[in-house]
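First the structure, which I've put down as structure tokens, then a few questions once you've had a look.
The letters A, B, C and D name the chains in turn, as written, and every chain counts its residues from 1.
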Amino acid sequence: GGGGQREGFRVALVTPGSIADAAWNAGAYAGLGQVRDSLGAVVSHVEARTPAEQEEALRTYAAEGYAVVFGHGFEFQGAAERVAADHPNTVFIITSGERVRGNVAPLVFRLHEASRLAGLAAGALTRTGVIGFVGGIELPPIREAYEAWAAGAAVTRPGVESRFTYLNNFDDAAAGREAAHALIRQGADVLHHNADAAALGVFQAVRETPGTWIFGANADQAALAPERVVASAVIDLPRAILAVAREVKEGRFTPRVESFGLASGVIRFEVNPRARAALPDSVWALVVRVRDSIAAAAP
Amino acid sequence: MSAPSTFDLRPLTTSALALAAGLVLLAAGLAAAGHDPAAALGAMWRGAFGSWYAFTSATLLRATPLIVIGLGFALALRGGALNIGAEGQFYAGAIAATWAAFQLGALPAPLAIPLTWLAALAGGALWVLVPVVLKRRFGVLEVISTLLLNFVAEALVSLMVQGPMQEPAGIYPQSAPIPAAARLPLLPGTRLHAGFLVALALAAAMAFLLARTVWGFRLRAAGAAPRAAELIGRVDAGRFAGVALLASGAIAGLAGALEVSGVSYALYQNLSPGYGFTAIAVALLARGHPLGIVASGILFGALEAGAGAMQREAGVPSVTVYVVEAVVILAVLLADARGRSTPAVAGA
Amino acid sequence: MITGFLAAAVRIASPLLLAAVGEVVSQRGGTINLGLEGAMLAGALAAALAAGGGGAEAGLLAAAVAGLAVAAIFALVAIGAGADQIIAGTAVTLGAVGLTGAVFRTAFGSAGTGPTLPMLEPLAVPGLWRMPLIGEALFRQPLPTYLAFAAVPAAWWVLFRTRWGRALRAAGEDAASARAAGVPVRRVRGVAVLAGGLLAGLAGGSLVLAQVGTFAEKMTAGRGFVAIAIVVLGRWHPVGALAAALLFGALQALQFVFQAMGLDVPYQLFLMLPYLLTLLALAGAVGRVRAPGELGRGERGTGSGER
Amino acid sequence: MRDGQGGRDGRDGRDDPPSPSQPPQPPQPSQPSLLSLSAISKRFGPVTALDGVDFAVAAGEVHALLGENGAGKSTLMHVAYGLVAPDAGVVSVDGHPATIRSPRDARRLGLGMVHQHFTSVPAFTVAENVALAAGWPARPRENAHRVGELAARLGLALDPAARAGLLSVGLRQRLEIVKALAPGARVLLLDEPTGVLAPAEVEDLFATVRGFVREGGAAVLITHALDEALAVADRVTVLRAGRVTLSGPAAEQDHDALARAMLGTEPARHAPVLPSIRPAVVVRFDRVTIPAEAGRGPGARDVSLTVHAGEIVGVAAVEGNGQRELLRGAAGVLALARGSLDRTGEAVLIPEDRTTEALLPDLSLTENAALGLADRPGWSERGLMRWREARQRTAVLLREHDVRAPGPDVTARTLSGGNQQKLVVARALAAEPALVVAEHPARGLDIGATRAVHAELRRAAAAGAAVLFHSPYLDEVLGLATRVVVMTGGRLVEVGAGAGREEVGRVMVGSKVAGQGSKDAGARP
């Protein structure tokens, strides 16, 4: 392997898509910026859409002596394992990854913990007894988020019907809007999503349909519909990325499954103060109670 | 070789000029956007040709599917059919190859690998069979039908990796890793897999087929002037177009197999970044000449590899390279048009 | 329920219709423009860039201009130089994907356009919009939808009731004969392609300004290609394109309804549905209809370039 | 001079400059000219199409413009009609210099043109085509009405609602004339309008033209038929290699003088053909019926015919009477609906439209030759092409058949029409077929090229092949055939051995009226 350590602490990020997606990739890129600013690291980013490009990107960074390489998505796991064997001096962090293999370690985001809270609130909020979810591509974290959301709603509204729609991409915002409208016509009056840029259309559908509510995802999205966003299930990607990078820099890092949930503060449930009044205090009290118990149960 | 396949050097110079035009435009755009053009272009060069590793593992690796699909597109084109659906056929082939790899994983590699290829060829051909039938039976333009099937293929591959072919744990939208016996050998010290040799062999075979065989000559005749080929050459031009379309679908399918068994080792939803479309440009740049396609495939592979390096080293978004590719294609088209003599006026 | 479904079908159909009507005009002149997707994408980005500062109407205008500009590049190569239309169109779309991506990131960074874009609000036609069933779908829509519907009779009128349209159709059917009749073939074709680009730009702009209020890379998601299929399915006629666009819009809306109903069927099957049924419709509908005689032939099919 | 076009220059010395014994005469019309072109020059790359040509036509006059293929006749008319911009020279209308940049300008100045090839849009109706050519507003109903009236006034029956592409050839030509006259033309430019017409239709056309000039119009008639020119024209002008070699009143010219001016030498008379009668039957049609493509005439109906080795059977017919189906049936490229067809040995077809049906325009001459010969020994072996040998054989073929080309590697597109046709014939005969089927083998060729092609066909027959051919020119049929048959309304009629022009013409046209019902769908009753 290459990996001759060069001057300075170097951190690289490989995203599976454009960093202008205002969500998953954008968050990671923001994290990289913080790594540069807070740790004084030399940083680099590249976008690698296909397995061919992904493995190449990881390998190139490792060969150039980067100390940490983030593969931003489960799809980097296999490639990282192949590369890591040749580059023991580089730490490979796979967000949403699967398992530890030598110097490959996953970062797991339990966004679904926040989505469960969103579900609890949604169950209390729905008048029709139908809730809807719009997903981009059916990836594991997205499906988990949906399932937690549905399960949460079933607690506060037994027998709630939860529906979902997948778009098969993360770009087509107009399709997101139509998917949301179709759900609304099916009776859904509370929506949640995990569709990155395509979800902007979901917000539009909610804005233009009176009597509907929405829960944001990934970032605090209250600004997208200030009167209708009840809360957002937030991943603070920069915080997680910075934390891991700092560990490596300070020599404290040991390969492990690093999992972030509500307890870590990386996953948060951000309530929109302007919409808080939509729900009775009793429901909020329940949400807070569940949040605390999830956080307390965390490893 | 003889008359029909004389290799004219003029296209090479126009292609080189077109490439230069694309790069100059890129440099100007980068300067306008506040980047350092010299640094960016330098990074591009290093990413594509800067080392043996970069050349093989970045440039040639990317070139492989472009060459293979480009060869198929050119075959169809010269037989008189326009296959815009290689993207879909690529996925059909990838699905078929993955499936076959699991069925055949117990066989030794020299058996398993060709059988996965066969499966992929069949998968790609099957995917284009619908356009062939629609064209022959109902006169539906294959440009439209192959295009529409791309959307269907996208959904199909998603269905496969979430459904019947999902990895056993049922968590990730991907297949399990294919058995070692179905994986292609790598060039030692690089990531370049034997699929590149397949691409070269295919190009040589196609050059031979088109230039030297009676069948290839008839195919070209049928594509160049279907009526004349029918009346004088006594060939069924529609049938040749259909066969050429089927073959091009099969070849795009093969590219899917090479990608799965040489690069990703599993079926993924995003296996292709649009190889099917870029390969059209690759084939055009070589004017459908098989050996030229190898060269232009490597050029496009280099551009995309270089784009990655440009983003890594200079922070320039890699999508920018599409602009360069577009400029190269358009410049070649313009240069070609200038060199072409105009046909005679009506009534002369 | 039905009302909402119809409204959804019309919403989905209208950008497709805008682009398809333009492409009908272009193809009637003998030019097939696969750069349509690129023109839409450019229109979408231009709309987002201009609407931020100048309001939604300025955005719409910018979208039209951007579509026009992309079509102009295509026309220069495919008509001006007589190059292969399919390849020129593919290249133009490729370039537009790259350029919009690069410009978008330069202009908005990684944050995206955010929710700040002004939008074109639905305009209700007084009285009519309250009609049962179809009122909402047809008479309470944002401006681009009305533009799309107005484009149908307008294109029909231009094609079949003006000298220019007749010249264009002649150029598209038989360039040599058109030239003998004094038709400046390249010029009318060029104008037709530019008109098509303008409408495609509007279509892209409408996605941003009338549908989602934001730009995302590749947000056109193949609509330009679908619009071309709609032209063929609509038999190269504006009214046919209207019917085909509505059919496709309805199939797409149905797809979402099926998913939202929570049926126990893999959702990917629903995603395929509109495309498969369009293929089926093509097989059934196209059969005996002839494409314009010069379609896609470019200079190979025309006489000399004497002027 | 067409220099650099290998071999062309030396052809029989015909490209010599006009001899001093025939000085170009400036046109001296008796009345002021409606249209006059003076000192017009035009080059296309290396080809000088027009070299200082003067030409004029006055009201009340028919002016015939003659010349061999490529002499520049069409180009001259295109200059007048605004389709070609001259390099030098002046176009005047009514004695005033005019700027004609497009057919629209020409129309405005009162010019109408019937082009050498049909220029109707097949997908348009008759009315739409006329309106397009005349620049009328796009009002379908009104235009249909106007066209109906106009056709009636000209005595040319045409259904305004019929699609141009479905009209018979005769009706399509009628449409061309209506189009030329519709904008109220005073000068009519007719570029080889008679090529596709039957004798009776030619008569009709000339009657229309005469009527037009009697009412003060002027007409220019381009034709290859010298007798036709002498019969109908008041004045004749002959072009050779872009220059005027003769111009004067028609009454003072005769056939031979015109031919000399056109070719520079006395045309050789055809050597009389002695058919080598051999009894071997090559094709036998027995009550064969072959349907036509939709809208393209009656097809061949219930046809019986036997063709022997050594025979040249000429099929006389007006376009669209089933001869195409008969010939293509014999060549084995159209399927029979009924009856039986026996053929011993191979057949080759020389199709009518050489650019789309016989040649690969963008491929080399070697490849074009190989198209018909690929599976023959010497051209290929066990599925592999032998290009080197094929190239040599093609070179020999070009030499032996006097195809003038720089070599076997140039593309077919770069050859002139006559040489393209010679290549097509050479390739067909190189296959040594038992049957040669030729559709209008001299289409668009000048006298020299026509003669060469005829000689080839005669040689093939003498060598034992059977030849079955069709030409719309009755004289060509009568001159080349050893036996003449007529196709009319899809049926085959044998005519007697000594049948002359009149008789054959009568059979062709007489029965055409009988069989009109289905074919002339576009005509008004």
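What we mean here is this: contacts are C-beta pairs under 8 Å (C-beta built on N, C-alpha and C of every residue); 3 or more make two chains touch, one makes a residue touch a chain.
Please read these numbers as outputs of a predicted model, since none were measured by experiment.
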(request) Could you tell me which two chains share the largest number of C-beta contact pairs? (result) B-C
(request) Please report how many Å separate the Cα centroid of subunit C from that of subunit D, as a whole number. (result) 45
(message) From the mean C-alpha coordinate of subunit B to that of subunit C, what's the distance rounded to whole Å?
(response) 28
(message) Could you work out how far the Cα centre of subunit A sits from that of subunit B, in whole Å?
(response) 35
(message) Between subunit B and subunit D, what distance separates the C-alpha centroids? Give it in angstrom.
(response) 47
(request) Any chance you could list the residues of subunit A touching two or more other chains? (result) 18, 138, 168
(message) Two-or-more-chain contact residues of subunit B, please, as numbers and ranges.
(response) 154-155, 158, 162, 317, 319, 343, 345-348
(request) Indicate the residues of subunit D shared as contacts by at least two other chains. (result) 83-84, 115, 117, 119
(request) If two chains touch, include that pair; go through all of them. (result) A-B, A-C, B-C, B-D, C-D
(message) Going by the contact rule set out above, which residues of subunit D touch subunit C in the complex?
(response) 82-85, 101-104, 106-107, 113, 115, 117-124, 128, 131-133, 135, 137-140, 179
(request) Over in the complex, which subunit C residues touch subunit D? Could you list them? (result) 160-163, 165-167, 169-170, 173-174, 176-184, 290, 292-293, 306-307
(message) Which stretch or stretches of subunit D touch subunit B in the complex?
(response) 74-75, 78, 83-84, 115-117, 119, 191, 333, 349, 351, 356-364, 366-367, 370-372, 374-375, 380, 383-385, 387-388, 390-391, 408-409, 413-414, 427
(message) Which residues of subunit B touch subunit D once you look at their complex with the stated criterion?
(response) 1-4, 6, 211-215, 217-218, 220-221, 224-225, 227-234, 341, 343, 345-348
(request) Can you check the complex and tell me which residues of subunit B touch subunit C? (result) 29, 33, 82, 84, 130, 134, 137-141, 143-145, 147-152, 154-156, 158-159, 162-163, 277-278, 280-281, 284, 317, 319-327, 329-330, 333-334, 336-338, 340, 342-348
